[in-house]
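I have a structure I would like to understand better, so I am pasting it below and will then ask my questions one at a time.
Going by the order they are written in, the chains are A, B, C and D; count residues from 1 in each one.
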Amino acid sequence: MVGGGMKALIGEVHRKALKFDNRVELVAGCFSSHADRNAEVGVEYGLDPARVYANYAEMAKAEAAREDGIDFVSVVTPNNTHYAVCKAFLEAGIHVVCEKPLCFTVEQAEELAKLSREKGLLFGVTYTYTGYVMSKVMKEMIAEGKIGKVVSVNAEYAQDWLLGELATGNNTQTNIAVWRTDPAISGAANCVGDIGTHIENYVHYVTGLKIKRLLATTNKYGKALDLNANIIVEYENGVNGAYWCSQVAAGHYNGLAVRVYGDKGALEWVQEDPEHLRYTPVDGATQLLARGTGCIREKAAAQGRLPGGHPEGLVTAFANIYRNYVSALVALKNGGDANIYDYPRVEDGVSGVRFIRAVVESAAGGSKWVEV
Amino acid sequence: MVGGGMKALIGEVHRKALKFDNRVELVAGCFSSHADRNAEVGVEYGLDPARVYANYAEMAKAEAAREDGIDFVSVVTPNNTHYAVCKAFLEAGIHVVCEKPLCFTVEQAEELAKLSREKGLLFGVTYTYTGYVMSKVMKEMIAEGKIGKVVSVNAEYAQDWLLGELATGNNTQTNIAVWRTDPAISGAANCVGDIGTHIENYVHYVTGLKIKRLLATTNKYGKALDLNANIIVEYENGVNGAYWCSQVAAGHYNGLAVRVYGDKGALEWVQEDPEHLRYTPVDGATQLLARGTGCIREKAAAQGRLPGGHPEGLVTAFANIYRNYVSALVALKNGGDANIYDYPRVEDGVSGVRFIRAVVESAAGGSKWVEV
Amino acid sequence: MVGGGMKALIGEVHRKALKFDNRVELVAGCFSSHADRNAEVGVEYGLDPARVYANYAEMAKAEAAREDGIDFVSVVTPNNTHYAVCKAFLEAGIHVVCEKPLCFTVEQAEELAKLSREKGLLFGVTYTYTGYVMSKVMKEMIAEGKIGKVVSVNAEYAQDWLLGELATGNNTQTNIAVWRTDPAISGAANCVGDIGTHIENYVHYVTGLKIKRLLATTNKYGKALDLNANIIVEYENGVNGAYWCSQVAAGHYNGLAVRVYGDKGALEWVQEDPEHLRYTPVDGATQLLARGTGCIREKAAAQGRLPGGHPEGLVTAFANIYRNYVSALVALKNGGDANIYDYPRVEDGVSGVRFIRAVVESAAGGSKWVEV
Amino acid sequence: MVGGGMKALIGEVHRKALKFDNRVELVAGCFSSHADRNAEVGVEYGLDPARVYANYAEMAKAEAAREDGIDFVSVVTPNNTHYAVCKAFLEAGIHVVCEKPLCFTVEQAEELAKLSREKGLLFGVTYTYTGYVMSKVMKEMIAEGKIGKVVSVNAEYAQDWLLGELATGNNTQTNIAVWRTDPAISGAANCVGDIGTHIENYVHYVTGLKIKRLLATTNKYGKALDLNANIIVEYENGVNGAYWCSQVAAGHYNGLAVRVYGDKGALEWVQEDPEHLRYTPVDGATQLLARGTGCIREKAAAQGRLPGGHPEGLVTAFANIYRNYVSALVALKNGGDANIYDYPRVEDGVSGVRFIRAVVESAAGGSKWVEV
């Protein structure tokens, strides 16, 4: 992994995802340009210190040279370094997974694509939202003709986290500051680059449609970069779509929502409720399709990990219980206070058994009151 | 870990949760009574074969004897064995986490509680739903008086997966069959034991209320065990609550929903949308509180791992991308077809960069059409 | 009409409903025991003063004697007078429509029923919620076997308007005071009588099920009458249902919600969204059925008055525009200020035409900016 | 009234709305060019046959000449005749209310506006959706600064009723056919004129913003007129908005939805759920504001007619009960079968009273079963 210090949100999400299926082991990395933060991750994950590198170039070279070198690198650095980092690993003959956006210019992007093709290296880009099971179900249903021929697309990605920018005039996030002050990236887009690109990828993923041309307005509200954009696209088949992205839309935390209308029905996916699709066949009622249930497609469904009705965050709920339990255990071993941690205890288990017994007794005895 | 063969859903969920925070390592287990299935998990997780045990009693004894023995055991066996397994580990002086329901009789339950207290061992029970961040927020808000004094509770846990029982008369799930045919567990409850107990625990967790007495009806529809139950409870403070649990309720996959009404407001949590609370202060509008956003409590919020708007299943979406990428990589190395796997490729990254460039150009040039 | 002074909400709703279909004319009444308030309604509706009666007994007698006497009487008086008023009209041979609850004792109720049967008079009770088109669709679907045999019912009617009672200890509504202070109605129920009875009627209406027996808790929180009740019913077929009614449930304004579960599916109707049903066939996805659309039953659909997607409150929206327009007109004629009234003006119409022209021009001219 | 034969949906809606508040009486009209259909409405509404006119010109002239002539005319004819009809009445000195769109050309529209100004006549246009109470609340809240300065607008009006056009190639509605075949209206818009104009009016109504310029795409899918349109508008303050209207969007019956984002919050109104607003203040949770409840503005609230929680369609539910009761009454008088009509009967009232008695008894007697 390149990037992803302990405080970097996305780096930790990548690490949890990497080990989720027990098929990947983190063995080398260059996590930060600060030596101590770099080392910190190595210690946390039990890495061989020799494989915690001071810079990505060195890492690419060294790992390529090792017999037990990494199988692939995961690049989670700030956006403006993606190009250089990816290029270094590709040139060293190492497969790459990179965060989006891939890079800043079309020329850089095409160079990376060309390089990976020429070297026969697999290059993945983590457009996350296509990873959800229901996104795959949506793609399958459209491919199967469930909504017929697409006649209209309406998609949006609205957030509210830069509303403060409007009020104060100050930059409130480091990565925004970087975008704005680095002349090397002048001309580039902020909200279109950050989130608009997810719309573009997601619609293409589920529909297969390619954009032929587009027209757009962007709004900067007196700031350096765009905070809001309206885009009308025309796909190669002549159909139009409307895309809206905004980072100043109160009430939206991470509101990616994609609706595709066809001549035989419509489908809608909303990122904040990722485990459902709304499906309306022509002349029928709108249906709420839920992941893991009988009503969804087989192939895509195979990517699910939990039965219907159990949100995919269930693992996190379990992990919270274990985390608190382990904290209590550590406290107990170290002479700390194990009682302050919040996890269900054996006494809660006893209550449960008492409850069950009382229900059985009351029901069996004519529904009379039973003391618990 | 005891129980949790590779095909056991809940065992795998526990393992993913255990390693989620990088604080726990799986080092020993007794995963199945079938020797080969038992070994399979050991291989998958790279365990020392000497620590993959043939039975739980042996494991408790051996691990207690080792200097590097396990810190705690996670018990994910079928319900009817919880008591014996937990007891063995407690007696061997090992901390325990056990799936719910704790066991079948109040006497067994109290014995386990007593044993853990006497030995100073931490005993956790995985009542999962209290592990969600918003459950903790709900608990905090009630404790802080946000809804005043509780005046009414309405809670339910409805599922549909045993509807088939009504139609066919056949048992469709092994664990149901076990419950029904083993005389050792006669008198026990099915849907009350399986899901009703979650209601009992959850309401107690968030409100602190203790049930004094209850009355109940259960419905068996001609089968051996209950599939539906209505329960009226009276808490120690004299207030009533209504609990409903059912496994024959069409339209509900895993419908735990808890509403608590106080004299100053109300709170509602719904398991299938676990990252929100509905909160109504008296004389105010209903508010939708979302995990990770400014409007929720600080302490409980600290248990969150992702910012607002990103469902906790996001890690799974990332993991899906990595899983497919790794499958492609393995195929490539083994001479298989790397192209059949579904993950975003560098070409998708190129499209994204082209899209951004076109938007910037169109907006800058008077919103004219720009070819992509 | 008996009852329904100008300030009586429900009386005015009845009058609007009576004349809605142009089949009923209000020709006589006894609207208030206060002579002036009584006369006021007569003037407002242009009634012959001779047919605005001082008391209901006189009215029943006089109207029965007229050749052009009323066809039926609509009784919208306070609950405690229903029995006497209805009886007087039945005895005078006049058909009756009465607000719910019919009266206070079972004996009174049976007497009214007997009287209407013996006299061959039609006696309607305005259990309003069965009047919604989707309630009728629900009834039809259940009768047609769409959800199979009913296995469970969960219904509630929750309001918040008496929450203040808990806080202050004062009665905040006149009709509550009447109930509480009049010894003639001691023993009666408040929230069960006021809203619980709607649950009873609605469930019976849509399912046809009859309650054989029930058990209940009611909560008075130290007040004279019940403000919250939990009820478990057993229908004649042995199936159970849970009913909850409350007038101290924050977040609910008028929350009647009825869910019926069968062995082949489920149906749900929620009064605050009266024009939809949620329908889940076994093994299928949940569907949102909307009034006026192709997916709902034919017979019941015939009772609809507007096409799908137009809420039945549309008439009110139109009426608001006309009300404001007429107010402006009256102001204009009386030398008042016609400009203060809020209705769309011709200038708004001009804007609309300009908008359409600009859209047509832009689309025809390559999607360039067009001034409006 | 001009237009609105008995089978004309919108004419009947106007008539119900006109008489809703008991302030308007229908006394004259020209309802159809077919003499018998014209007479039919006159009979139904008890009009003086002398005031049921054969054509609108004659009506304008005659009513203007009468001392008791109409106060205003309501024009509900097909769109292409609005201009001529309105002009005739304005010229006769009669106030006018006209359906939208006002007419087809900007020149006609301005002529009507000029005429009404010069003659001092009130001219209303029934842009219905601004008549909803919550639309007025939204307008007030924005005017009061609740969402600060508007930074973005996203509005849509999506329907599905012309989806069949795509499939069959045939015109399925008469009014569509008229638009398409009459050369006098060539160049005009279909879905933009029919529904897009509502977006334009609604956004202007609630925000006060005026459109300076716009750009648009329209989609005809090989047909004569537009069925789908995407529009980006620029208001006079430089902010952009995106409008989408479509009549081929599966899953939408009458989906007008308007979202306005400001620098201090956001507001959303959805026509199919007209009695709520979603309001998000910056840094706060999203709130669901409901008509008739304490949390909404006072002035606009005064336009409501029912308390919170009672949808404005409640009058229709009551009217349905009365309609069926009256049908039964008519059947009884004519020797027909009064039993086939669906309305709650006195026996239902008896059941209700029995239910209440049983609940009171059970609760008073320790929550034991009580026979009903």
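Assume contacts are C-beta pairs under 8 Å (C-beta built on N, C-alpha and C of every residue); 3 or more make two chains touch, one makes a residue touch a chain.
It should be emphasised that the depicted structure is a prediction, and the values quoted were computed from it without experimental measurement.
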Can you list every chain in contact with both subunit C and subunit D?
A, B
Which chains sit in contact with both members of the pair subunit B and subunit C?
A, D
Between subunit A and subunit C, what is the separation of their C-alpha centroids in Å?
48
Any idea how many Å lie between the Cα centroids of subunit A and subunit B?
22
Roughly how far is subunit A from subunit D, centre to centre by C-alpha average, rounded to an integer in Å?
43
Send over the residues of subunit B in touch with two or more other chains.
215, 217, 232, 234, 286, 290, 293, 367-369
Any idea which subunit A residues touch subunit C in the complex?
215, 232, 279, 283-290, 293-295, 367
What residues of subunit C sit close enough to touch subunit B in their complex?
147, 151-152, 154, 156, 160, 163, 166-167, 215, 217, 219, 221, 228, 230, 232, 234, 239-242, 244, 246, 248-251, 261-266, 268, 278, 280-282, 286, 366-369
